[in-house]
Amino acid sequence: MQVYSEKIREAAKRLLSEKRVDAVIGFRRGTVPFMNEPFLAKTPEQADQFVWDGNCGINLANYLPKMTGNIAIAAKGCDSRSIVIHLLENQIKREQLYVLGIPCQAMTDKAKIQEKLNGRQILQAEDMGGTVRVSGRDFEQTFERADFLQQNCAICTHRNPVIYDELLGEPVKEQEIDRYEDIRKIESMLSEEKRLYFDDLIKPCIRCYACRNACPACYCPTCFVDESKPQWMGKTTDPTDTRTFHFLRAFHVAGRCTDCGSCERSCPVGIKMRMFTKKLEKEVKELYGYEAGVIQDQRPPLDTYRPDDPEPFLG
Amino acid sequence: MNNPYLPYPVRIDSVITETEDRNLKTFKLVFLDPEDEKKFSYTPGQFAILSVAGLGEIPIGIATSPTEQGFIKFTVNKVGKVTNHLHNMQAGDIMGVRGPMGNCYPWDLLEGKNVVIIGGGFAFTTLRSSIVYMIDPKNRSKFGKIDVVYGARFPGLLLYKDELAQWERRSDINMHITVDSSSDPNWKYNVGFVPAVTKQKAPSAENSYAIICGPPIMIKFTLPVLTELGFPPERIISSLEMRMKCGIGICGRCNIGTEYVCKDGPVFTLEQLSKLPTEY
Amino acid sequence: MSDIYIEKGNFIPGVIERLMGRYRVHGPVKNGRFHEFSLLKNAAEADLGFQNTRLSPKEIFHPQAERMFEFSLAKDDPQAGILKEADKDFSPRVVLGIRPCDAKAFQLDDANFITETIKDPWWARRREAATMIGLACDSPCPTCFCTSMGSGPYDTAGLDVLLVDTGDGYVAEVLSERGENTLLVTSGWSSVSSSVRASLADKKKAAERSIAGTFDPAAIAKREMLELYNSPIWEEVQFACINCGTCTFVCPTCWCFDIQEEVYEDKGERLRMWDSCMFPLFTLHGSGHNPRNQKTQRVRQRFMHKLKYYQDKYNSGPACVGCGRCVQACPVNIDIRQVGRQMASPDCACPA
Amino acid sequence: MSDWEPKIIAFLCNWCSYGAADLAGVSRFQYPANIRIIRLPCSGRINPKFILAALRHGADGVWVSGCHPGDCHYIEGNMYARRKFALLKSQLEYTGILEPGRLHFSWISSAEGTKFAEMARHVVESVKAAGPARHFIKKQAEVA
C-alpha cells in the first residue's frame, strides 16, 4: 500500500506545479500509532508529506463542501462514492475536482489490535501492507492485517473508486460478501430485545457529535440537534434524547451513507452506530435497488420515486 | 453566599411598546421580595439576566438608573425564543432577574468631566440609565457638559420618546436627536446619520469622555469622527454584546481573548479593545 | 504528614470497603474497551491497574448534565414560574485512584469556578466534599506530556493522599489533614520499610524520564497575544478539524457549559450540560451574528484559551496538564503537542 | 388499565384525508375520539421529526394519511413521501423505538368518509392492543 504514498506525492506535485489544482487533499503521517491526519497541500513541497496506508479511514470527501478553487483529492472507494453524493447534491462542482482514485486495500481497526495486547501500550505501528508490526516498551508483535480490518472494510463491496481522473494503482478484486448478517440478527429479535440492544449500544454516548461531524453526508447549515424554534430534543445525555439523536442522524443519511465507517472510527467511546445506518442501506437496496453514490447520474432514493414503489408501510 | 444562578423572582408591573414596529417593549419589573431589591444594587452600564421559567435566560442592559427606586426596567428587542415569549407576557406575570452583572461605565473617571453620549437604535438602554443618573439633582453637579447624540432609522423607532422630549426642554443637557429619514412634516429635530450629526455638532473633546453604543456600522463610522474631534482611545467607551449563559464569567462562551464580556465587560474603552482579538 | 504502607491484598477490598462504609467512593472501573470513573458499587470493581480513563473524572465535580433548578408552570400554582434549587447530594466522597494530572487539572478549574466574588455553588460544594486519593503513574502513556505542563507522574498538587504502587503493596503519602482523617476509618497500614522507601525516589525519576518533553508553555506566555492570535499557523492547524466536541469533552480542564430549559407538561427544570467551543452554536448571537463563525476561529480559541489566555488571565501555567486524552481521542489526529510547539516558537516552520 | 384510552396523533393532508375527516363528521360516521388531528398541506410535509416529537410528547400512536398516490394536490408530494414512510416505519421498528401497531399510514381521498372512519377504528384498536406507550416518552431528564 506504501506504493500509493509515492504515487499521491508524485501526482500532487505534478498537479500543483502545473497549476492544474490549487490544493490537494490527502493524509500526512500522524503523531500517534494508527493515526494519519487529513492534510491540505498547497505547494509541491508540502506534497512531500502525503502518505497512504491502512490508517486513512477518515472520509476525505467530508472536507469538500464549500471549498473554492480547484481541488485534487485522494479517494478510496467509499470516499469516491461520497464525492458522487456531493456532486448529486450540488455541494461541489465536478470541474473543480481532480480525483486521485485509490483502489482500497481496507483500513486497520486499531481497537481490535489493542484488544489483543492486553493493555500494553503501542509506541509504534508500521503498516507493511499485508501485516502491521507494532512495538511497545518491551514487546514487538506482527499482525495479519486481514484479521484486524475495520468492520465496514471487511464487508466492503466497492473498494475501487467509482469516479476518478487518475487511478493510482491496479483495481483490486471486489468482494462478494453478505453485508447484512448482523442486521438480520437484529431484525429477528423481539421489539423489546431490539430496544434494549440499541439502548445498550448508545449508552456510552457523550453527545460530542464526532459521528455527525466526521460524516461527509452531514453538512446541513443548521443541524436538527441545534434547531431551537422548535427545539426537537434536549442536549443532555438523557437516554430518550440520545436515542432521538442517533435515530435522526442515521435517518438523515438514509440512501446517502456509503458505509465509509468514519462515524465509528471517530467515536471516542466506541459506539457501533453503523448498526443504525446499515439497516437503512439494506432497506434502500431491497426496496429501490439503490446503492449510495455508485452510479453518477442516479438521483438519491429519497429525492426521486417510481410510480410502482412498494408500500409496505400501509395499514 | 447566594447562588449566583438563582434568579430573584419579579412581577411584571407594566409593559410599554416603545416603537412603531412593535419590536421593542419596555418591561417594568418589581421584586417580589423587597430584600432582593436591596441585593440588586447596580450602577449604570451594568446588565442583568432576565429569566423566564421554561424558556431560558437572556442578558439585557439595565435601562433604569439606581436613582429610580422601587422597580427596574428593561427594553427588550424581539429576536429569539425567550424574547418572543417575553413580548407575549403581560403585567402581573412572574419571571426572574439575575444580577446585576458585569462592570459599569467608569463613573469615578467620568466625575468632573464632560460626557458625550452617542447612541443608535435600541442600544440606548444603558445610555438612558446613564443620562437619568447624571441629571439626577444629587449627581448633576458632578459632571460637566452633557451632550447626547441619539439616532434611529425613523422617528417611530426612537426609544423613550416622552423622556427625550423632556430632556430636550432642559438646559443642563444638550440633546441632538436625529433620524436617518423622516416622512413626518412636523419633525423638528435633526435628519442624518449619527456619525454626520456628531461631526456637525462637534462636542468638544476637551476634558471629555465619549460613551458610544449602537449597531456595529454606526460605531465603525463614528469612531473616526471622535478621533478627529480629538478623543483619545482611552476616553472612548463602548459596551459590547455577546452570547451569554451564566453571566458570571464561568460558562466560558463570551470571551474576547482573556476577557469575559459578562464579567470583565461589557464596558471597554477603545484602548482596551485595541489590545484584544477582534472576535466580537 | 507521613508515609504509610499497605499490602495490596489488604487494600482491595479491605481499605476500599471501609472507605465505602463512610464515603461515596468514585474509582476507576473497566467498562468495555475503556476504563471510566464511576461510583463504586463494590470494592472488587475498582481496577487500579489502569492506564488512565478515556474520559477525565471531571464528571464527578462537573457532571455532563445536571439539574440546576426546578419550577412549576401549573396555572393554579402561586409559586409557578419561580425557580427552586434542585436537591443534590453533597455528602462526603472519595475519589480513589485519580491520576496526578487530573487532580492538578481540577486545581486549575478551581480558578474558574471559585473566585473571590463569585462561587459556582455546585462545583464548590462537590470539591469541598471530596478527598482526593491519587495514584502515581509508573507507566505513562506515549501521549502523556504532564512533565512539560508543570505536573508530573508523581505530582501531589490537588491531592490529599498519593498512592505509589510498589508491586506488592502501596505506599500512601498523606498530604493533608483531610487525607489523614479519611484514612482513619481504614486499617491494615504499617510503616514503610527502609528498602521500599529507598526505591521511591528512583521510581519517581524513572517515571518522569519515560515522559518525552514537548513544548514550553512559558515561551507561549511570553509571546504577544495578538501576534499569536494573528499567526499564520492556525490555517494549517485547523484544516483537519471536523469541529466535533471530542477534545473538549474528554479534557479535564474544559469546563464550558450550556444552560437549557426542559419542560414536562406543567413542570420544568433548568439544566446545565457540557458545551464546547468547537460548536458554532456556542457563540451564535440571537441576531444571527457569530463572532466565531469560522472553524479556524473556533480551533484557535481552544488552543489559545488553554495555552495562552489562561496563562495571561491567571498569571499561571497553562490550562493543560498534559494528560494526552485529546491527542488519543481526536478522530483526525490534531495533536496539542504539535500545536503548542508551533505556538511556542515564532518561526517554527512546521510539524512532523 | 381498563379505562385507559390511547392518545393518537393523526397527521392528515389538507386536500384529501382532512377532507375525509370532515366528511366523516358531517356524515355522522362514528369513529373513536382518541384521534387528535394535525393538518398538513401534504403528506410530503411529514418530517420524521414530527413523528418522533409526537411520540416523545407521549402519543401512544401516530397515524399519517394523505391523498392516493397519483392524486396529490401537488402532483407528486406523496410519491416522495411514501419512500420516507417505508424507511421510517421499518427503522422505527428495527430500533425498537416503536412496537408494531403504533404507527399507521393510509391513503384516503376526501370522498372516502367511510374509509376514514374505518381506518380510525383500526388505528385505535391496534394502538389499544399495543398498550400505553412507555419507552420513547421524554420525561424528566435522567441527569445528576
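In order of appearance the chains are A, B, C and D, and numbering begins at 1 in each one.
One rule holds in what follows: a contact is a pair of C-beta atoms (placed from the backbone, for glycine too) under 8 Å apart; a residue touches a chain by one contact, two chains touch by 3 or more.
Treat the numbers as computed from the prediction; the structure is a model and nothing was measured.
Engineer: Comparing the two chain pairs, does C-D have more C-beta contacts than A-C, or is it the other way round?
Structural biologist: A-C
Engineer: Would you kindly tell me how far, in whole Å, the mean C-alpha position of subunit C lies from that of subunit A?
Structural biologist: From the centre of subunit A to the centre of subunit C is 31 Å.
Engineer: When the C-alpha atoms of subunit C and subunit D are each averaged to a single point, how far apart are the two points in Å?
Structural biologist: 48
Engineer: Could you put a whole-Å number on the gap between the CA centroids of subunit A and subunit D?
Structural biologist: 35
Engineer: Report the inter-centroid distance (CA atoms only) between subunit B and subunit D in whole Å.
Structural biologist: Their C-alpha centroids are separated by 50 Å.
Engineer: Using the touch definition from the top, which residues of subunit C touch two or more other chains?
Structural biologist: 64-65, 258, 260, 262, 271, 273
Engineer: What positions in subunit B touch 2 or more of the other chains?
Structural biologist: Correct list: 80.
Engineer: Give the residues of subunit D touching no fewer than two other chains, as numbers and ranges.
Structural biologist: In subunit D, residues 138-139, 141, 143 touch at least two other chains, as defined above.
Engineer: Could you run through all the chain pairs that touch each other?
Structural biologist: Every touching chain pair, ordered by label, is A-B, A-C, A-D, B-C, C-D.
Engineer: Where on subunit C is subunit B touching in the complex?
Structural biologist: Spelled out, the residues of subunit C in touch with subunit B are 68-69, 71, 73, 80-83, 85, 112-113, 115, 118-121, 225-226, 229, 255-261, 263, 268, 270, 272, 275, 277, 282-287, 291-292, 297, 301, 304-305, 309, 312-313.
Engineer: Per the contact definition, I'd like the list of subunit B residues that touch subunit C in the complex.
Structural biologist: Touch residues, subunit B against subunit C: 1, 3-7, 9, 32, 51-58, 79-80, 83, 93-96, 241-243, 245-246, 248-258, 263, 275-277, 279-280.
Engineer: Which residues, counting only subunit D, touch subunit A once they are in their complex?
Structural biologist: Those residues of subunit D that touch subunit A are 48-49, 52-53, 56, 69-70, 76, 79-80, 82-100, 104-107, 122, 135-139, 141-143.
Engineer: Which of the residues in subunit C end up touching subunit A in this complex?
Structural biologist: For subunit C paired with subunit A, touching residues are 31-34, 49, 51, 54-55, 64-65, 139, 141-143, 236, 239-240, 242-246, 248-250, 258, 260, 262, 271, 273-274, 276, 279-281, 327-329, 331-335, 337-338, 351-352.
Engineer: Considering the complex alone, what residue numbers of subunit A touch subunit B?
Structural biologist: 228-229, 231
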